[in-house]
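Listed next: structures, encoded as structure tokens.
Both complexes shown next keep subunit A, but they swap its partner, so subunit B is in the first and subunit C is in the second.
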Partner chain A sequence: MTGIEAAPQPAGAGTRRLAWRRAEVVERVAETRRATTLFLDIPGWPGHLAGQHVDVRLTAEDGYQAQRSYSIASPPEVPRVALTVERLEDGEVSPWLADEARPGDRFELRGPIGGYFAWSVTAGGPLLLVAGGSGVAPLMAMLRHRAACGEAGRAVPARLLLSSRSFADIIYREELERLGSAPGGPVIVHTLTRERPPPGWGGHARRIDERMLAEVGFPPAAAPKIFICGPTPMVEAAADAAVAVGHEPGRIKTERFGATGGG
Partner chain B sequence: MTTTRGFTGRRQTKADEKRVPPGQYVTDDFPVLSAGPTPHTQVDKWTLSLQDSGSLVGKWTWEEFHALPRTELTVDIHCVTKWSKLGTVWEGVTIDDLLAAAGLDEPPAPYLMAHCDGGYTTNLPLEDLLDGKGLVVTRFDGEPLPPEHGGPARLLVPHLYFWKSAKWVRRLRFMAQDEPGFWESLGYHIYGDPWREQRYDGD
Partner chain C sequence: MSREKVCSMLDGNAAGGLLREIFTFDATVARTTCAGCARMVPMGELRLYAIELGAILRCPSCDAAVLRIARTPGGLWLDLRGAATVVAVSSGLP
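And then the complex of A and B:
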């Protein structure tokens, strides 16, 4: 048996009920063909840890409601909460968030939720992040938080391995490039799984496997804190690969989302 | 109530409406949610233990477990991450039959902690496990339970949110007092009734 070690709870977590709050869209940014980031103004937002998520509740004119969970992409240091939503073709909530939501639109939200898949600079590192597609959102919150912490952040070695369908499907591509090329920035490694990479591509071009993780990740002896987020098959494969490389299972935290068409 | 401009939603069918708790949607898939890597425990290494106050009151190997009376159950399941799956078919051993096999006429304590491979735990009141309400299952949809869904064996307590149906279960420990398990210590509800939408602490 391996012990599962929990992240510290954010201030305010306790027995009080998590209240539904009104979120107002203040800006939308198209990230890729399928993914959109919504920047939200949420009066009374209690703050969050990088990696946590929120429940979103949309209400139709006749009172019909639908709820889904989305990871927070913004770091705790920024007052506007950002959600990056990938449109699922037969989804119920994600098409509205990704395609329809405009500045001034309002919906309900509660959170932050989840103290386990969460990281802060004070928890230390090294930090190994592995993402598939829009699973990069909560890991981006961690990298943004690391960058916002200046020297204390730079003191934590960090690497991100991001698996995307194609070059055009890489979410946050330019920002990741900026973060990665800054002094003391994280090492960013891409892999593309569906389309052939562009000429001069410096990344990988296959699904994440044991060899790639051994090459990109820290050695097990460095005892990195590992966060893996993405679609279920990708997370299963990456987590199995991390265990095979020799990383302690209790240090591997995962967040999976089903490619269910439900979101 | 804040209505959302331009949102219409996709309604449940009338037949589903009564079967789907508030805030849930029906999926035909079987999504996987776990906090860490999937353990791959071989059945020849697998045992299930029953523990009371530090002493073992029952222990079964895979073979011994399969010699116990088996129950098939068709139920709806509800995950706190909002999906529900209707009419799922499971096979395993009821907690009633486990207690009987251990020679216990009644449970020695009112609460139980399930301990699992990988370190996961979840807490349950015994009354939510008795009278056929709780099982340790090894088959789903007529097939051996796959590791990512909790195989070789998981708890099944379908009337509570599905995190209570602990994957990779190995040890059931009786407790005199209720104590929070893994998710219950991290802001999730101590009991988790989907019909009262008890998702998080304080709900």
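And then the complex of A and C:
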């Protein structure tokens, strides 16, 4: 990537203007066959809330630009911003981020964006998180934030239902295990949708449905705050199931991403 | 532009960056009333169609176009005819 230029910031523009910044890759971690986490150094980063996202803009040598949105996977407590990117075939941005970007590489980024799909411990709970595939990224930021808040975090009951294609496709699997087995940790429930689960599998093995959500989620009377993130069909199904279980639509927040044309 | 480019997320929330080029407040939490059916939702909950050259944000209830944004050589073009009201609320963001 070349030709990176930050948008000029007029003097006295104030802090409310969302400027393009230069992000530098400082570390990359392979999460699964298709998902990679990039840890970024972003000079001037103003901080964020768990659940927020950034816009990433790549500029080719011929000036062609492509822009995509990615959720922040790191909690506000950690200075290095982390993005977990799943490579989409034929994508314009995700293949470079997931496969090519190396420490020292730079690209343009603006954020944090969106208070709609954001949560902090001070907002309370219970917290019901439902994710499909790399949709777990913003919800992981919430669980990491909860863990970083110590006692105040543990006071918020939290559950995560994560749908993955196969055991090998589970993003953050070991960290989720650690979080879940810690005292006061969140309840982590997995479901696998494509490949047969390994022997001794303690999770589910079908797509998310009403019965699963009723079993895993809090009762509607507990009035959980519900965040659902994943591919569009999965989000629609999970949101419909949550409403069918009896959860108030107004407490359900969704973030969809499409595998078609995106990436 | 030879390729159709759409955003990888399909809620109004994903257009938050574009909306911040227009509004000084966090529009994703701004309560927006559809002029067609009077349903009021946070802008982040509208359905997002296409982004980059612009965006169309549709009502999740009646599918009417509530906000239309186009990036033109002369600047950003905003059509708010589908929104009866937009109420900016504090999101408590940093």
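Assume the second predicted complex is superposed on the first by the 247 of 263 C-alpha atoms of A that agree within 3 Å, B and C clash if a C-alpha of one lies under 4 Å from a C-alpha of the other, contacts with A are read in each partner's own complex, and residues count from 1 in each chain.
Note that in this section contacts are C-beta pairs under 8 Å (C-beta built on N, C-alpha and C of every residue); 3 or more make two chains touch, one makes a residue touch a chain.
Quick caveat: nothing in here was measured; it's all calculated off a predicted structure.
Once both complexes are superposed on subunit A, the partners subunit B and subunit C clash. By the document's definition of touching, of the two partners only subunit B reaches A:Val243; subunit C does not.
Once the two complexes are laid over each other on the shared chain, residue contacts for A:His48 go to subunit C alone; subunit B is not touched.
Residue contacts after overlaying the shared chain place A:Asp105 against subunit B, while subunit C stays out of touching range. In the superposition on chain A, A:Cys149 contacts neither subunit B nor subunit C.
Using the contact criterion defined above for the overlaid structures, shared-chain residue A:Gly114 touches subunit B and also reaches subunit C.
Look at A:Leu83: by the touch rule set out above, it reaches neither subunit B nor subunit C.
More residues of subunit A are touched by B (comparison of subunit B with subunit C). When both complexes are overlaid on chain A, the residue A:Leu38 reaches neither subunit B nor subunit C.
Within the three-chain overlay, subunit B meets subunit C in a clash at only one of the listed stretches 2-10, 20-28 or 92-100, and that stretch is 20-28. Where the contact sets of subunit A with subunit B and with subunit C meet, they give residues 16-18, 55, 66-69, 92, 113-117, 232, 253-254, 256-258, 260-262.
Those residues of subunit A lying in contact with subunit B across their complex are 1-4, 6, 9, 13-18, 22, 55, 57-61, 63-69, 92, 96, 100, 105-108, 113-117, 232, 236, 239-240, 242-243, 249-250, 252-254, 256-262. Residues of subunit A touching subunit C in their complex: 16-18, 46-49, 53-55, 66-70, 88, 92, 94, 110-118, 232, 253-258, 260-263.
Put simply, subunit C touches subunit A in their complex at residues 3-14, 16-17, 20-21, 24-26, 28-29, 42-45, 51-52, 91-94. Residues of subunit B that touch subunit A in their complex: 1-11, 23, 25, 27, 29-39, 81-83, 115, 117-120, 148, 182-183, 185-187, 199-203.
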